[in-house]
Amino acid sequence: MTHLTDLPVWAAIPVCLLLLGGSAITLVGSIGLIRLKTFYGRLHAPTLSSSAGTVLICLASMIAFAVLQNRWIFHEVLIIIFVILTTPVTLMLLGQSALYRDRIEGSTDVPRKTTGPEPDLSAIDI
Amino acid sequence: MRYWFPYPLLSLSLLALWLLINQSLSIGHILLGSTLGISWAWIMVNLQPDKTRLHKLRRIAVLTGRVAVDVVRSNLTVMRVILGTGSRPVNSGFVAIDLSLRDDNALALLACILTATPGTAWLEFDRQTGVLTIHVLDLENGARWSDLIKCRYEAPLKEIFE
Amino acid sequence: MNGLHHLIVLPILLPLVTAAVLIPVDERNRTTKGVIGFVSTILVFLAGVVLMRAAATSQDGASVYLLGNWPAPFGIVLVLDRLSALMLVLTSVLALATQAFSMSKWHRMGHHFHSLFQLMLAGLNGAFLTGDLFNLFVFFEMMLAASYGLLLHGSGPLRVKAGLHYIAVNLAASSLFLIGVSMIYGATGTLNMADLAMRIGTIGPESRMLMEAGAALLGIAFLVKAGMWPLGFWLPAAYSAATPPVAAIFAILTKVGVYILLRLSLLLFGSDAGNSAGFGQPVLLYGGLLTIGFGAIGVLASQAMGRLAGYCVLVSSGTLMAAIGLGNGAVIGGALFYLVSSTLTICAFFLLIELVERARDAGADVLAVTMEAYGDIDENEEEKEEGVAVPGTMAVLGLSFSACAILLSGLPPLSGFIAKFAMLHGLFNPGSFGGDAPVSGAEWTYTALLILSGLAAMIAMNRVGIRTFWTSIEGTIPRVFLIEIAPVLMLLAVCAFMSLQAGSAMRYMDATAKALSEPQNYIGRVMSAPRAGPTGGQ
Amino acid sequence: MELVLSAAIGVLSASGVWLLFRPRTYQVIIGLSLLSYAVNLFIFGMGRLRVNAPPLLEPGGAGGLLTHTDPIPQALVLTAIVIGFAMTALFLVVLLASRGFTGTDHVDGRE
Amino acid sequence: MNELFIIWSILISQILIGLAMGCALFRIARGPRAQDRILGLDALYITAMLLLLTFGIRTANSIYFEAALIIALLGFVSSIAFAKFLMRGEVIE
Amino acid sequence: MLLVLILAPFAGSLAAICIPTDKATPAAWLSGGVALFCLATAAGLYPVIASGRVLRHDVHWLPELGLNFTLRMDGFAWMFASLVTAIGLLVVVYARYYMSASDPVPRFFSLFLAFMGAMLGVVLSGNLILLAIFWELTSIVSFLLIGYWHHNAHAREGARMALTITGTGGLCMFVGLMLIGHIVGSYDLDIVLSSGDAIRNDPLYTTVLVLILLGALTKSAQFPFHFWLPHAMAAPTPVSAYLHSATLVKAGVFLLTRLWPVLAGTDAWFWIVGLAGLSTLLLGAYFAIFQQDMKGLLAYSTISHLGLITVLLSLGSPLAAVAAIFHTMNHATFKASLFMAAGIIDHETGTRDMRRLSGLFRHMPFTATLAMVASAAMAGVPLLNGFLSKEMFFAEAIETHKYNILDTVTPYVATLASMFAVTYSLRFIHSVFFGPQPHDLPKMPHEPPHWMRAPIEFLVFACLVVGIVPSWTIGPFLHTAVKSVLGDATPVYSLAVWHGWNLPLFMSVIALVGGVGLFLIMKPYLATSVEGPPFFRRLEGQRIFERVLVTLSWKWARSIEMRAGTRRLQPQMRILVAVALLAGAVTLLTQGFKPAAIFLRSVDPAFALIWLIGMICAVGAAYQAKFHRLAALVLLGGAGLVTCITFVWLSAPDLAVTQLLVEIVTTVLILLGLRWLPKRIEDPNDPEIMTFSTRMRRLRDLAFALFAGLGMMIISYTMMSREMPETISSYFLERAYSEGGGTNVVNVILVDFRGFDTLGEIAVLCIVALTVFALLLRFRPATESLETPEQQRMQNAFDDEHPHRKTGDSIAEYLLVPSVIMRWMFPVIGMLSAFLFFRGHDLPGGGFAAGIAMSIGFILQYMAGGTRWVEERLRIHPLRWMAIGLVIAAATGLGSWLFGYPFLTSHAQYASLPIIGKIPLATAILFDLGVFSLVLGATVLILIALAHQSVRAPRAHLIRAARAAAKEGS
């Protein structure tokens, strides 16, 4: 059984830095969820953790395991790929539905739908 | 050949996935992974996703590098915005971009790129007019964003996919 | 390790596989499905009879089946003793009757009736056979899940409403089951019942109290199932809402709770359990007495026959729980006889209710049921005009009803009376016949409640019977299929046969009770069960 | 660890039980789900808590309770998770049917 | 020194991620609108995945990787279901 | 022989029920034949009995419990058996002519024979329990006989009352008899009869006595249980003639006599039996005078005479017992004949009202004469049998048995009652047969057919013969009977008409003269009075009984049921939790439970932080579940995620994986359902929120919830802090690899060590999927959710409004990019699923996780493309997958049978293949494949069935609209 403390210093330093960096970026992204004022602004916040956060921490993991277990297969890459592929779907759908709901509520802060004139959207409540 | 291997790229990717996920390069896994990859390609025939041929594979590498750089840059920008350390007030807003890209897979890739890049969010795409609406967190100049996306991402994607 | 030995697992496997095979069969071939299911049930019944004979004749009482060939207490064991064999046979008798009955029309009211039915049988049989606490949970859930499905069979507002309550209460109870089992495991480190019984005598006080707390929570799950007051309010509503064949097979469901209470209280908390001996008995006794009282009152207060029958179930449960709680081995034998008799009776009664009510309002009920089932969507199956108005139908129904009334009120000469007699006999003569044991207050109460509940049943059944058979304006004779009345008659005939053969039946029950009160045999057999095969010889 | 987990079990149970007493079917289903988390964690806890001692053996080796956590509660929890999932699905459909038939989402089918 | 450094940095990064989860929870609990809550849940999923990765590093055991992988691959499904529910009023049409 | 005697009537009964309803004559012949046969059998046994022998026949029935089918005939039983069969025969003859062809006569005879059999059973039982059995049988059959004309409400009520009272009494008696068994150690009559002292000296004696008397006195219609008998007169007259002369009511007397040797002679016996008998004797006679219904009069007279017998038995003297036995026989003869006479009059005139009847002597002189003689016997006129036993009664009444008030008043009461008897007998004769010509009777009266009168003739003849030459006729029989009851205590007695001038004779004279005088005084009043005696008219037992019964068994029962039970779910849940809390607390606290001490040392701050989040999620979900369902669901997901992290943290990767997958599916599932739950809007003015009681209720619920949480916390903390006991796990850890062939111990447990659990568990999943599927086929959404969701309507409307857009373009646009990604994810998820499946045996994963993962892949496609889109492209047969899965799992287990191993024995080995190398081959993998298939099928089925409702809903909506339109049109 290996322990993380077996990690040599040359590897431990980048691993720790990557970890700290990744988690810090993640935290910043999440703080964005709180601090950003509009929903569309907040829509950007999780991308910090899904891009930089994930990549950095995955890198840390790759280095750590590569050194500890002495093998050079980086299956953490899969996580990066999957996160990059799947995050857009959620955010896109969320953004669209927010847009849609704002529109039918008659919010003036969002652009109209690009096609054709507006339908009558009175008396709608979601 | 096309009949037996309807989505060769898919099958290859699945094989790679299999080997990565199993952390093994043994012959058994290669066989199993290939079998699974090919079988899944057959199943995918039923779902009929667009078959895409990739051209100019070198452009892919360029694009990847470009995206990586942009991601790092926008990460820093967005972090600054969130932590409120920037000198000027944040001005976020919507940008409409006319796209000429029509390939579904290419559009999906573009969406992934835009989403992976903090600070830009893909919202809506009108297929008939080709208008893409994105939301930009730090909107200095709408036109700049429009050009950026068209040149930096759309053009190479068009080259790769069409 | 012979073929007979493998037969133990058949009552679980056969229904399971049959259910699986029936799933993909088109619903339009319901009759085929029914016949296949029926054949499977017959085979299970035959297996049960063979096993029962084996259990009755074997000297050491229990035969043990090591699933996966893992030795006890590590693997899961099935244990066949007299009690589990008895329950197997009882279940399959009920299943045969209700399944035949369902094929008249009830299985057409929804989908996958026969699969669910078989799966419930598998669950029931598993619960009866298993010797492992967690496996018991699994089979309990299997049985419950199937009972949810069967209760909801045919859908409709009443059933769905009753089903919602039934499911909610039982889900909460299942949580308690899990908490209880895991506490027992955490305190004793085993799940095998026999192993547990062995460990109970030796564990320290801290572990003991935690184990007992776990057992208490576990017990509540069974009490909910058995319908003890005040945990059984869901029961009359659920049973009266279910379609007749389902309500009828549900007669055995409460008995599962009773079965496990009986099994565990005698196995785990018998005289060898050290400080835990007799744990929970007062609860069973007084709870059982309250249940009898509440059930009897409910019987009197019920206007609809379905609810009446539901409360009869409570009375029967309460009688059994109190009998266990009395802690008197001599009563247990009679209680087992009562268990069989009352289960058969209630099953027959549930089946009969529908036929009788059909007589009261011939046509209308059937129409309503059909309308409800085939309402406005999906199905366009034609209701075939089959079955004839058999002359003498009313007489047969009346006779059957009278028999049910006599059985339920424990009047002579049918088995209901023998059962009560046997229990009272055990109560008054705990050691030897005519012994000098004084009769305690609880025992007097039990006697009084036994008699009064019978009386309540008599008054209520009388009221209902007079209203149904004597007050009715001569209306149309109901159309009753042979396949509907035959199961009822069969069940009643079994009751009659039990009264005639009371001697041999009671001998079996007494031997069962004796074996239960001396669990060392059971424990020894389970713990020393040999593994099969060349590699298993250890 | 034990303290945190037992507090968690307590809070989950309390929330679940509170919801079980509520009159709306949806509240009850959420309550049952919370309760099942609590129960699963409770069962899990019965095997005592160990960090980084999963019951996975070295190929060819034999394990023991010194190096590995107790696998039985885990197996039990797995079964309980599956059954819990099934029951949630069932209860959901029944509550939908009840809502459809009675027109109300009250647990008793009437307000 | 090495050990202390590693242990502390892991602990700190786990706490940071935990705080990030707390922020996501804030959005879930606070809303104000359904889409905010779902966004919070999505963030919660990603942060949880990162937490699992750090836990894997901390224990030097790659066994926990699958859980993270499943979140990465399938975590989005429930978010999509929510989003689609908002968008179309039902998840599957 | 005895067995034949008992079985013949029952066999006859069965035969009679098979006779078609309209064939009256064969049924009558059959019954007559059976009765005659029984009578002949009994007669044939007389020589043996007379010699003092006791006939026994034992059939083993339940020997271990002392219950055997023991028949026993001694003199007393013989006497009763003869009475039962003889009068039975006469009644059959009578009924042949009495019963109308429009009634189902075979049923009558069938019941009649059954009753005869039951009565014979009572008489011949040699086992107390057998006696109780036959006893209750008489109650049951008499219920059916009394209710024979069930279209008549009186008959129904009378039958029900009779059964309720005698049945209840019978059950009490049953307990009493069981207690005798407890005292004596046997139910055998012979043994019991020889254990009188043991019984009388037992502390339970009083209990036994009261219980048995409850049975006997209710059956014999003794005060205060007498009132059922007059109402039983709604039965056909042959029934009354039989039940109330020789059989049903005599059963009580029979039992008192039978057990007289063991129970009588104590103060308790004297007081209870004596008081009941005396009051019955007097009140019955008094009530009889005021009846207007002939049968009513006879009924009360019966009550009174039974009281007489009871009084005699109460006295405890052997001579009195002789008198009791003698009067039993006498009463049977004259009362049977009187009932039959009354029946003839009713039959021929159409009424039984004595106010309407008069002067029938002219029309039916024979009948009148017979009735007069029988009445005289009832009145105790000399030279008739009634006189003899009455004289004996008087003689015993004046004897002093005990020095107390009851004994003192007995002679006076006896004389008074006897006087009343004369009065009502006179009244009966006078008002029916004498006086003016009857007018406007329903029928023109005339003599009945000869054979209808024959039974009366025979009985009246018997009255006369016995009355005149008792010692030559009845003497020997009576002696045999008496001897068998009293044994050595048999006193010297003489049966003679003339005993000289003595006090009893004087009493008889007073009674006769007084009775005639009383009649003359009351005649005018009785001719016109209403039914029922003055003063007591309002105090009708029946009405009180009905009221009590209704109050007890209906009103109170219902109110108790409502109070002690509930039909609502919430209280049931509260009770369940309360009981669980109580059970846990009581068990622990009574044994001095102390929670484990709190240690903070091992608390990991990150872990604590995560659980802080988890707890907030849980509380938030609880808080939001009412009005913000979506928020609650999101929060629930948060709690689930934290649970999942916990599993990872605490060394349970398998659990984490499974929990996570299940979490996702559950969320999708509930979201699918949420579409059918119309929105719940918070209304701040909702009165429910405001009321004080609501607040209190919530507070109580909160307290419950907190206690439950606290309890769980304390118990789990204590458990987790304790040392692990020696557990069976070490066995699994040691052998998972060497014998189970896998390194993932959890998985090896699931598919091998405890594979049976898994089989059951997937069966549960299968069941639930089938149930969900079946229920959803009949699903009807609430009306407000029937409409297509608002969003879709809006978006479709938008598409429709723009000429260059098609309906559905909006959604296609929205999903354009997502659906591409989701589609490409399908094979990826498939690979993940395969990965989870293959490595499960060695590493976290397994068939279950793989199945769920794959089902998520499917559901993703449904979300991306919609139901129709997917199902046009992929063949999805979840039912089949489920079936195959279950079969594979079971078959894998069964495979081990082929090698002689028990079910589910797995076999693991590593196969070496060229090139590929060693691969693990465990049969458990095959089992896991079954699990995979089933889980996939079940999950997909559940999700899809729910999803299909959206496709179905518009269709149902259309149908409804069409139907509404059709309704409007028509």
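Should a chain be cited, it is by its letter among A, B, C, D, E and F, assigned in written order, with residues numbered from 1 in that chain.
Throughout what follows, a contact is a pair of C-beta atoms (placed from the backbone, for glycine too) under 8 Å apart; a residue touches a chain by one contact, two chains touch by 3 or more.
The shown structure was predicted, so the numbers you read here are calculated from the model rather than taken from an experiment.
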Minimum number of chain-to-chain touching steps separating subunit A from subunit C: 2
Set of chains whose contacts include both subunit F and subunit D: C, E
E-F or D-E, whichever has more C-beta pairs in contact: E-F
Farthest-lying chain, centroid of Cα atoms versus that of subunit C: B
Centroid spacing, where centroids are CA-atom means, of subunit B and subunit E in whole angstrom: 22
Centre-of-Cα separation between subunit F and subunit A, whole angstrom: 67
Centre distance in Å when subunit C and subunit F are each reduced to the mean of their C-alpha atoms: 16
Contacts with 2+ other chains: residues of subunit A: 29, 31, 43, 45, 50, 75, 78, 82, 85-89, 91-93, 96, 100, 113, 115
Sequence positions of subunit E contacting 2 or more other chains: 14, 17, 19, 21-22, 38, 40, 59, 63, 69, 73, 75, 80, 84, 86-87
Touching two or more other chains - residue numbers and ranges from subunit B: 17, 21, 108, 111-112, 122, 124, 126, 128
Chain contact graph, described as a line, ring, star, complete graph or other shape: other
In contact (per the touch rule at the top): chain pairs: A-B, A-E, A-F, B-F, C-D, C-F, D-E, D-F, E-F
Subunit A - residues contacting subunit E, complex: 2-7, 9, 12, 15-17, 19-20, 22-24, 26-27, 29-31, 33-34, 39, 42-43, 45-46, 49-50, 53-54, 57-58, 60-61, 64-65, 68-69, 75-76, 78-79, 82-83, 86-87, 89-91, 93-94, 96-98, 100-101
Contacting residues of subunit E [partner subunit A, same complex]: 2-3, 5-7, 9-10, 12-14, 16-17, 19-24, 26-27, 33, 35-36, 38-40, 42-43, 46-47, 49-50, 53-54, 56-60, 62, 65, 68-69, 72-73, 75-76, 79-80, 83-84, 86-87
Complex contacts: residues of subunit F adjacent to subunit E: 605-606, 609-610, 612-613, 616-617, 620, 630-631, 633-635, 637-638, 641-642, 644-645, 648-649, 653, 656-657, 660-661, 663-664, 667-668, 671-672, 674-675, 788-792, 795, 811, 814, 818, 822, 825, 828-829, 832, 836, 843-845, 853, 856, 859-860, 862-863, 866-867, 943, 947, 950-951
Touching residues (chain side subunit F, partner subunit C) in the complex: 17, 60-67, 129, 132-134, 136-137, 139-140, 147, 150-151, 156, 160, 163-164, 167-168, 171-172, 174-175, 178-179, 181-186, 204, 549, 552-554, 557-558, 560-561, 564-567, 569, 571-573, 575-577, 579-580, 583-584, 586-588, 591-593, 712, 715, 718-719, 722, 724-729, 731-732, 752-757, 759-761, 763-764, 766-768, 770-771, 773-775, 777-778, 780, 877, 879-880, 882-883, 886-887, 890, 893-894, 896-897, 899-906, 952, 956, 959-960, 963
Contacting residues of subunit F [partner subunit D, same complex]: 567-570, 573-574, 577, 598-600, 602-604, 607-608, 611, 614-615, 618-619, 621-622, 625-626, 629, 632-633, 636, 639-640, 642-643, 646-647, 649-655, 658-659, 662, 665-666, 669-670, 673, 676-677, 680, 701-702, 704-706, 708-714, 716-717, 719-721, 724, 727-730, 732-738, 743-746, 749-750, 754, 757-758, 761-762, 764-765, 767-769, 771-772, 775-776, 778-783, 842-844, 848, 935, 938, 942, 946
